[in-house]
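Both of the next two complexes hold chain A, though its partner changes from chain B to chain C.
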Partner chain A sequence: MLAGEEVIEQMWGVSLDRLYESAEGQRILSCIQCGTCAGACPYGEHMLYPPRRIITMLKAGLIEEVFDSDSLFKCVNCYTCMTKCPREIKLTEILLPLVKEQSAVRLEEMPAELQKAIENTYRYGNSYGESARKRAAWIDTIDVPIRILAKDPTPVDILWFVECDLSYHPRGQDAARATALLFHLLDLDFAILGPEERCAGDCGRLSWEPGLAEALVDYNLSIFEKYRFNRIVTNDPHALDAFKYRYPMFEFKYKTTATVPELHRHLDRLAPMLSRKLDYLVTYHDSCCLGRHNGFYDEPRALLEAIPGVRLVEMEHTRENSICCGGGGGGMWLDTWYKQQDIERLSDRRLREVIATGADVLAVACPYEVSRFEDAVKLAGYEDRIIVRDITELLVEALGGH
Partner chain B sequence: MSISIFVIAEHLEGTLADMTFEMLGKARQLADEHGGMVTAVLAGYNVAQLAEQLGAADALILIEDELLAEFAPQPYQDVISGLIRERAPGLVMVGSTSMGLDLAAALATTLNVPMLSSCIDLSVEDDAYVVTSQLYGGKIMMETAVTAGTAIAQILPGAFRAEDGQRAGTPTLEEIPPGLHPENFRMRFENFIKPEAGDIDITQAPILVSVGRGIQTQENIALAEELAEALGGSVSSSRPIVDQDWLPVTRQVGKSGMSVKPRLYLALGISGAPEHVEGMKNADLIVAVNTDPDAPIFSVAHYGVVADIFDVMPALEERLGERVS
Partner chain C sequence: MNILVILKQVPDLVEELEINDDGTDLDRTWMRYIPSEYDEHALEQAILLKEEHGGTVTALCLRIGEVDDTLFTAAARGADRLVRIEGDFEGISSRDAAAVYADHIRRGNYDLVLTGVQAHDDLNGPVGARLAAQLEIPYVGVVSGMHLDPETGVIHLHKEYPGGLLTVIRTELPAVVGIQSAVKPPRYVPIAKIRQASKSAEIGEETAEPQSLTPGYTVRRVFKPEGGGRAEIIDGAPEDIAARLVSIFSEHGLVR
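Now for the complex of A and B:
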């Protein structure tokens, strides 16, 4: 995998018509048409133009035909093709977003769910269409002191970028509360932006609406400028991606990490606090952005193993082979569109692997996954056999006496 | 102040749209309270027979021409702007509909008069029409007073009751020549494309009987259908019902389905997941039936019943039957 900086350099200013002028364009020319990308893609069989064929068409000057198909609406930005490509072509990072943007423009009608999410994000700064003022309302539901920078702008070590799902979705708020408690117990110096925070413009939206993403980048950068902090920590792996790979193109300079690796850094202090035994057989679902794109495979597992009583079991596809929950790349707002194409949701497919492990708990680390998998559990009728929990929730459950 | 309101009638394929009656009803009420005239303006071709449904108006101005047979923005703007310039009514009511959106702004610019969009209420105070408009999708209301001259008000569908404007009786009829300038028309009506006859549109249903996984089997959906019929509503559902193909996707309420705002939303065996609530939280009245007293649906419901839906459904139906007979 390339270092973040190198990828960014390659992406800057790359457009389809000038693709071959860039280093990445030259790399695309080296494609050996092995088809690994198409074979590894979780929706490859449903795409008329999976990555390999996109490259064929591009070389043949027939890319317009690709734009006119809806193939890339089935791309969930899972980074599988890119991770597997023997030529290290940055498919998910560079080529696919460029093609997606054009396909979206030509689509006769944007799927209503996606349209609504994009409009809400534009208007309210979150896909839920909730008021920005309520973004920090969840902090009144716990006893942990949480500093909002607008109220107390003194310098802080960690700017905790909470993101939309943890701010507004009731199950996301469970993870927000758990995270806040853990940060507090670890004595981390952290603060949030509260109502000033807006969607980071995650990978999904970046690929469909680059203009909106840029507006969000501009906005968030203007807010970051107001305060002094050392680094950003976020629970949302998509936001991590945005800050790590896209924002630096706009002179963003902060170190960013995700909550899971941040907690892992403090494991020596955290582990002794985990005094309550949880007698669970747990399987962990690797989030695409956290795992494949950023290489955090061991940290979530180490955190889970630190909980007394927890035994880990792996699914058939795990770590870099993990199957996406289907929420990335805008998939979070295309469920009905998939259904109308008669395509199984990836969360339902993935759940079969979860069930096959015999685990009682499915542990996740990305806010999309809790709602997606809890819904899949209902549909499969497995509510009595398995529960879905964010890693932070499990850690809090294991805290003795807190 | 004496009322002088023009209502621009909307019709499609020989039928007057509800929008027309909604605007007429409100105009009539103001004229009854304050005195004055309500004039309906009917532009079209072979539409004279619609006059007998426009009894809520005092007068009807009929303008007929082949070029007005179907709505096209330019011919309509042409005849209506000429008429308004000549008669100078106080207020012109236009629907906030596909037709009205094409018409209102153009009339306002042509005549150089104010235009008020997204109006949901109208009253008369002292010497002014006071128009209430929605801003930010209804989060903020704005009141504007129109004191002199003519103003165009674009009325949101559903702001007033159509029943109030549905009165038989033919108003005084005045037919005027169209005086069109076809040489200026750069748009013309081609043909009318009808949507495929599909499933019912749950966003239009006044009452929704909505079922969730509590309904247990596909066969039981018939019970909900019966209840919906007794209530005069339609059946909608949560997503798992659609995922199991028990109902078509057109019936799904929520984040990845439809957003609905019926007068009554009866949630039967629906837990109230945030993705579901996103699509129905704005219903006028939400009644939830669930066996679980902690179900999140109760936090958005106006009335909650902790009970088994299989007890509640037949009991409700029985009561409704009694009321009918």
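Now for the complex of A and C:
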């Protein structure tokens, strides 16, 4: 685990001019300009100011020049620079979002899709611009009983925070249905917020939009207060980050985990249910937030290995070296912008590594990844060679007789 | 240079629209409203003019649903003054609304009034024209660009016609302009700025009693389109749908 609890208090409300007043800000002064951050950055070669140069410019009092460039719009919040930094400077958590926030204000024109996503999230609580009232519409498409707290507010063990992609995206809903079935079969005591839930305001795309993040935090905290539950489980590693590293700054006390480690906790009961053999060669893509930021590397692999017939094969870059799908930091809504600048989408680059393994199935654990990689597969014309599945979908496929 | 921008609240189409029991209007009980897209362009155009020539931008809203968010967003984007007119305005016709706007404008000191060329909840598009008629000043609609000469008080308005024609129309101020689109899409403002505006910006409150002008019109019936029975909706699994499509194409000799 890379982000220590001590970081949390430093992250909110720190401005660039008061940066050095915090311990984490002070640490920036210890940069030895080794350039590991810039070299490790998946988009480093496309940035006029990669992280190393940003630190130089900051120290030289020339940070304004960095704000005026669009370098930070190529930051996908993947935590690679931060993970690799020998001085343990919390680049992704502190410095880069602050710089990005300023760059966003000065962009000649905010990329339209990103602006729409931000405005939608502010207005409707989801980037899709879908009706908040329809957030739980997907539960009518399965036979598993799912409790909505507004209808039955009795205390519950797990508040399952479904998040936007699982609520609205058709492929996300596949994972929502799969997760609901698994929770049900494992007899977990869970409930959802349904229409009352809004985007958690994840670490990536929102950390540099502090107003939006604050609005969502205020809102979600007011909803959490209404109900009694012990802990939060979410499929979205970005929401996990929000609840683990940001909400605690606002009197938020709940333990939060992601669905993958939660399912892993029950593997002894889950494994016997996986009676159907799936003769797949599977490669697993480590999500940045689940892997690099929270250290869950073994749990997703253990779940996949519990499926009879599944053989795992690793990509060239794996675990902490995994390459981001490109969806973080707002990247989810910058595909057109990247294309205009002739920059390859990271999911397209990552797919080449997937294909090189010879795997039949690309397993993922973050809701951004299903659509990003399925798009990449279509673009490259590999529909016959590879399918993309959330881990929960594969687990459900392996259930015999359920 | 004082510019007034009229922002109209229209039903949010993200929500399902229901028709009231009389079948004469939308059911507005739980209606969610958002600012009309064309009006947001009018606001952007006003702020661009202000940035170029100075002056003030006033944003005006009739109280229809929750309007404060719309006004605070306008302030965050650059509006200097916010005005909300209280009154019974739900479902008001554009003609009666124009009279309310005209009354406000007569009491103000505006050089230019910008509003969206139309709004999706009536698609009549006459607010700007009626307003100009009541004020006895020029109106130009469907405008997508403008150039102002502040020395002479003359404004050149760009208008697109079908068939690939553009015109430039010259008029003197004061005038009312119906905006099709601003020269740039409505700008991004950080949400923090909107939240800050909601804490610090002041909304000037006025009241008005809308009059029903005659001769007016009444809506006789609002209804969802009725199926003509000429379309076949194919349901089912993708494979079945594909098979049915292939058989239809074959029947019509489109595939062999």
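The rule is short, and it goes like this: the second predicted complex is superposed on the first by the 395 of 402 C-alpha atoms of A that agree within 3 Å, B and C clash if a C-alpha of one lies under 4 Å from a C-alpha of the other, contacts with A are read in each partner's own complex, and residues count from 1 in each chain.
Heads up, the rule we're going with is that a contact is a pair of C-beta atoms (placed from the backbone, for glycine too) under 8 Å apart; a residue touches a chain by one contact, two chains touch by 3 or more.
The model shown is predicted, which means the values in this text are computed figures rather than measured ones.
Q: With the two complexes overlaid on their shared chain, look at chain A and say whether chain B and chain C clash or fit.
A: Aligned on chain A, chain B and chain C clash with each other.
Q: State whether A:101 touches chain B only (first), chain C only (second), both chains, or neither.
A: second
Q: After lining up the shared chain so the two structures overlap, which partner does A:335 touch, if you call chain B first and chain C second: first, second, both or neither?
A: first
Q: Comparing chain C with chain B, which touches more residues belonging to chain A?
A: Partner touching more chain A residues in the overlay: C.
Q: Given the touch rule stated above, what does A:169 touch, chain B (first), chain C (second), both, or neither?
A: first
Q: For A:209 in the superposed arrangement: first (chain B), second (chain C), both or neither?
A: The answer is second: A:209 touches chain C but not chain B.
Q: Report for A:390: first if it touches chain B alone, second if chain C alone, otherwise both or neither.
A: A:390 sits against neither chain B nor chain C.
Q: Examine A:375 and indicate which partner it touches, taking first as chain B and second as chain C; both and neither are also allowed.
A: first
Q: Look at A:118 in the shared chain and tell me whether it touches chain B only, chain C only, both, or neither; answer first, second, both or neither.
A: After superposing on A, A:118 lies in contact with chain C but is clear of chain B.
Q: Running through the overlay: 184-192, 220-228 or 238-246 are the candidate stretches of chain C; which one clashes with chain B?
A: In the superposition, chain B collides with chain C along 238-246.
Q: List the residues of chain A that touch chain B in one complex and chain C in the other.
A: After superposing on chain A, chain A residues 129 contact both chain B and chain C.
Q: In the complex, go through chain A and note every residue touching chain B.
A: Residue positions touching the partner: 113, 128-129, 169-171, 333, 335-336, 339-340, 371, 375, 378-379.
Q: So in the complex, the part of chain C that touches chain A is made up of which residues?
A: Interface residues on the chain C side: 14-16, 34, 184-185, 187-188, 190-196.
Q: Within their complex, state which residues of chain A touch chain C.
A: Where chain A meets chain C, its residues are 101, 104-105, 107, 109-110, 112, 115, 118, 122-124, 129-131, 133, 209-212, 214-215.
Q: For chain B, which residues are in contact with chain A within the complex?
A: 213, 239-240, 242-244, 249, 252, 255-257, 273-275, 278, 296
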